[in-house]
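Could you have a look at this structure, given as structure tokens, before my questions?
The letters A, B, C and D name the chains in turn, as written, and every chain counts its residues from 1.
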Amino acid sequence: MQLGMVGLGKMGGNMAGRLRDKGHEVVGFDFDPELRDVASLAELAQRLAAPRTIWLMVPAGDPTRETIDQLAEVLESGDLIIEGGNSHYADDRKCAEALRERGIAYVDAGVSGGVWGRQEGYGIMVGGEPEDVARAEPIFTALTPDDGGYVTAGGVGAGHFVKMVHNGIEYGMMQAFAEGYELMAASDIVDDVPGTFDSWRQGTVVRSWLLDLLVRALREDPGLESIRGYAQDSGEGRWTVQAAVDHAVPAPVISAALFARFASRQDDSPAMKVVAALRNQFGGHEVTSSGDDPEQTPGS
Amino acid sequence: MQLGMVGLGKMGGNMAGRLRDKGHEVVGFDFDPELRDVASLAELAQRLAAPRTIWLMVPAGDPTRETIDQLAEVLESGDLIIEGGNSHYADDRKCAEALRERGIAYVDAGVSGGVWGRQEGYGIMVGGEPEDVARAEPIFTALTPDDGGYVTAGGVGAGHFVKMVHNGIEYGMMQAFAEGYELMAASDIVDDVPGTFDSWRQGTVVRSWLLDLLVRALREDPGLESIRGYAQDSGEGRWTVQAAVDHAVPAPVISAALFARFASRQDDSPAMKVVAALRNQFGGHEVTSSGDDPEQTPGS
Amino acid sequence: MQLGMVGLGKMGGNMAGRLRDKGHEVVGFDFDPELRDVASLAELAQRLAAPRTIWLMVPAGDPTRETIDQLAEVLESGDLIIEGGNSHYADDRKCAEALRERGIAYVDAGVSGGVWGRQEGYGIMVGGEPEDVARAEPIFTALTPDDGGYVTAGGVGAGHFVKMVHNGIEYGMMQAFAEGYELMAASDIVDDVPGTFDSWRQGTVVRSWLLDLLVRALREDPGLESIRGYAQDSGEGRWTVQAAVDHAVPAPVISAALFARFASRQDDSPAMKVVAALRNQFGGHEVTSSGDDPEQTPGS
Amino acid sequence: MQLGMVGLGKMGGNMAGRLRDKGHEVVGFDFDPELRDVASLAELAQRLAAPRTIWLMVPAGDPTRETIDQLAEVLESGDLIIEGGNSHYADDRKCAEALRERGIAYVDAGVSGGVWGRQEGYGIMVGGEPEDVARAEPIFTALTPDDGGYVTAGGVGAGHFVKMVHNGIEYGMMQAFAEGYELMAASDIVDDVPGTFDSWRQGTVVRSWLLDLLVRALREDPGLESIRGYAQDSGEGRWTVQAAVDHAVPAPVISAALFARFASRQDDSPAMKVVAALRNQFGGHEVTSSGDDPEQTPGS
């Protein structure tokens, strides 16, 4: 089928490529003239036959909201916008409601798979009205792997909600591997940490794509010496913890993984200054920098 | 090659079966007369040609220690014991030292794979002297999948150390999926939780054997209504946390997963009695059971 | 000075009592005719001389917002509203902005102290413009203990922000005592748990008002047998975690304390159903209910 | 009464001073000739009338064990050793058993209070047989504050067990204040963080000695700029977590506080290298250092 794609960066560009490979017609718009087929959203609307389907793949937050506002001006009743970026599920609901007044349908799609998706297919989680999702089914099946599928997780917002949860789970899994790595590396008993991870790829309970990636990373740099222990977070981990708090769901693992990322980015920890200051206060100034318990430093 | 197998329960029995399928000669001993080939450890020693190789697959702790003591009496210098159970790595070192005085070699092997291992192959992590490990290599390769292998993680104890860490990672991964499940189930936005997990099996970052198993469990019981939220722990999760503390390695995710299991087994929480009692104390008796903040319950 | 008090429940009533004891004139309104001095907000406005100062002590959220809307109708430019309830700091900012258009000043005040405050004085944390705070200073000093004071933490919202953080810290402290209690009670080594807490009231690092309250609770019920381990949360603990996430501040202790409360209120844990189901899947059905590691259950 | 004191460092020296102020006779030994009254343990035994009471205040572990071994050679049946250092409760039990064969009694005493104890009195938690504890009661009451007391928490080991738990609770409380501090400092809403903590000293739920100390630290250095966020741990926090794991007691707050200290001492985190490496793997090399979600970086 025919699809407009807005945002032709790494993700959008790869997805457009995969869709074309599968025989779909993709008309793309991007701010970068080198990447795009049309020079404006208005031209994009003109190039597509009604009812149009537009896939958005732009940064979350204001860029996505603004693009949707601009699209609303050039689209018509009956058209469909698929928000494939990382919008918050609450934003999806607001956008969908605003577009509904103009007769424009809205579907949200969480996309996983990163740079590997073009070749292997993406994981796609969709939220929307069943009839809207059905219209775009050829697109979803072309983007997903041959032997797997996409899911319609629920109404508008559900796609991004479950993608958010997916990322939260991912945070926990990554941190579990990370802690295991550090413990093996810190022990004086394990001689072959990369080989151990490699052996786990067959027959064990922890075998997973993340394990495959970790083995690949350790092959390139067995001690990870070229990499700093500095980890960004994408926002979706934060949203997962906040949604868990909103729903009174205990999320100790996902939150611990998120907080470890926060801490990794601090040159010095204000919180640990307080701990150090308190130890100094009750233990006396002169022992602060020692390895002893300042509260209890017997002599002799 | 020829192998003595001590312990023919679910794990030992399946492993003996796989080894025989691969052409090895296994002489088995178990307390259960129906399962065994020989009636005693002494008879086992007689049936095997020196230098012997004996694989132990008995419960960790006293049963394993006692079996090793008894084997030491019937084996000879030059024989090899492979401890395939769940011994603590510190116990491995003690056993190996005691056996060395008698000239008996000791290798520890952590085994992963559960009931699926007979068919798919086990993950095997080995600790020991290279020449001792080399003697048993045909056994290790027969037990592991065709396309994967075992690892010699280090000296004696390293096999059980990395198996312990493997299980700790496993705890964290399982808890990450568990928290994600609960959040999706608690929201009113996700209509198809089992289908969402199923969709993640292709193209996403969280794809893994544990995800495959979770999808299987949800197919059998989509709301997990037949299962109580009561989770045992095997000891290896505990050892992982204790080893992390010993090595000053932060392990917030693995410990959180362990503590969640502890809490799942409590009918009532002594700790939370204290929290409830404190809220009662500072908020006044009559508000304890209400949903309000007893510290700050304005009127009107 | 003269003060209107809206909300004469446990907190508001006690505060009004303390203010009258200290010589201030309090005119109170409440929905309960037995508690109030005036029958309506309009009558309250009539009874107070301009410029008026009104203290709000009603439940957070809609009740507070609605009361402020109604007050805006009966107050005049130059009047001052002090929001003493548990509003979120972001709501304070919205309210203050709306009232500013009518010339009505707004100060937010976080109040701590619970039922003990009438006698011992309250802890009060204030947010607002300095000139607005200064107008109400006689009220703040009357409510706080003789030897201590209130703080102006910052502009509008800062009072509730720091009160929120105070409650988050309180969650962490309570949970620390709770974990220590459970560990002593679970050990077979401590014969006198209540006496141990009592001894800590003098000379130790953990001496605190919460410890005093815990000792009092243990005197009433040494094994806390009459109390269920079921703990509510007030909303401010949740806000603290969400604010920490918003600001990329690691908050592992406060979040762990919050999650422990969430878990304490669950009859069964959906998350732990997943963990149990996964153990069942990889260990085989028949071992689910046993205490053994289903992944690794050697025989014999 | 007469007491031998071994170890006259900051803790032991202050305790000896307080005991002398209270009218007790203290004969002290230390390796430092400037501090001691006697030149050897043998001379110490000679100077004390039988039955002797010796208080040990030397570093935990080997120094304490060796000192006890040496004391056993110079003491007689009927004498009493009080181990006032930071021994592990399991070591207490071993020492007591060994000494019992020689007729020497053993009492363990956990001491809290730091440099403030000389003036304000120490918190003392005792473990031992009631008749042994009774013999030393004058010492315990002289060391503790006038209005408070010591506790006999249970048999041998119980004193150090509850001191260990005390320190674990202390870790959790300190971290709770620390997280609250960081959140207030990170926000743009709180102008007076030191003043806010100061205001909490009266009337609030979090009032405590640690809060007093934090206020004192913030008076000296309002932004804690002179202090690095680097926090040692004394071993007792580790033991608390390990004891919790042994007893299947959930300890999420105490362990989180411990892990935060571990992390504060790392220049770079091996675990977070893994997280960074994994993000790099699935997101593509060129986005690793950006703030975007490498898994999902739409273009435009």
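Operating definition for what follows: contacts are C-beta pairs under 8 Å (C-beta built on N, C-alpha and C of every residue); 3 or more make two chains touch, one makes a residue touch a chain.
All of these numbers come straight from a predicted model, not from anything done at the bench.
Enquirer: Call it same or different for subunit A and subunit D: same when shared residue numbers make up over half of all numbers used at their interface.
Expert: same
Enquirer: Which one of the chains is farthest from subunit C, going by Cα centres?
Expert: That would be chain B.
Enquirer: Using the touch rule from the top, work out which pair, A-C or C-D, shares more C-beta pairs.
Expert: C-D
Enquirer: Where the centres are mean C-alpha positions, what is the separation of subunit A from subunit D, in Å?
Expert: One centre to the other, that is 43 Å.
Enquirer: State, to the nearest whole Å, the distance from the C-alpha centre of subunit A to the C-alpha centre of subunit C.
Expert: 35
Enquirer: In whole angstrom, what separates the CA-based centres of subunit C and subunit D?
Expert: 31
Enquirer: Can you list the residues of subunit B that touch 2 or more other chains?
Expert: Residues 112-114, 167, 170, 175, 177, 179, 182, 186, 205, 210, 248-252, 256, 259-260, 263, 269, 271, 282, 295 of subunit B each touch two or more of the other chains.
Enquirer: Along subunit D, where are the residues that touch subunit B in the complex?
Expert: Within the complex, subunit D contacts subunit B at residues 205, 233, 238, 241-242, 245-246, 248-252, 255-256, 258-260, 262-263, 265, 269, 271, 282, 295.
Enquirer: Can you check the complex and tell me which residues of subunit C touch subunit B?
Expert: 6-13, 30-32, 35, 57-59, 63, 67, 84-86, 111-116, 167, 170, 174-175, 177-179, 181-182, 185-186, 210, 213-214, 216-218, 221, 224, 227-232, 234-236, 252, 256, 260-261, 263-264, 266, 268-284, 287, 290-300
Enquirer: Considering only the defined contacts, which subunit D positions touch subunit C in the complex?
Expert: My answer: residues 89, 112-114, 117, 120-125, 127, 144-145, 147-155, 157-158, 161-162, 165-173, 175-177, 179-180, 182-184, 186-187, 189-192, 195-196, 198-211, 240, 243-244, 247-254, 256-257, 259-260.
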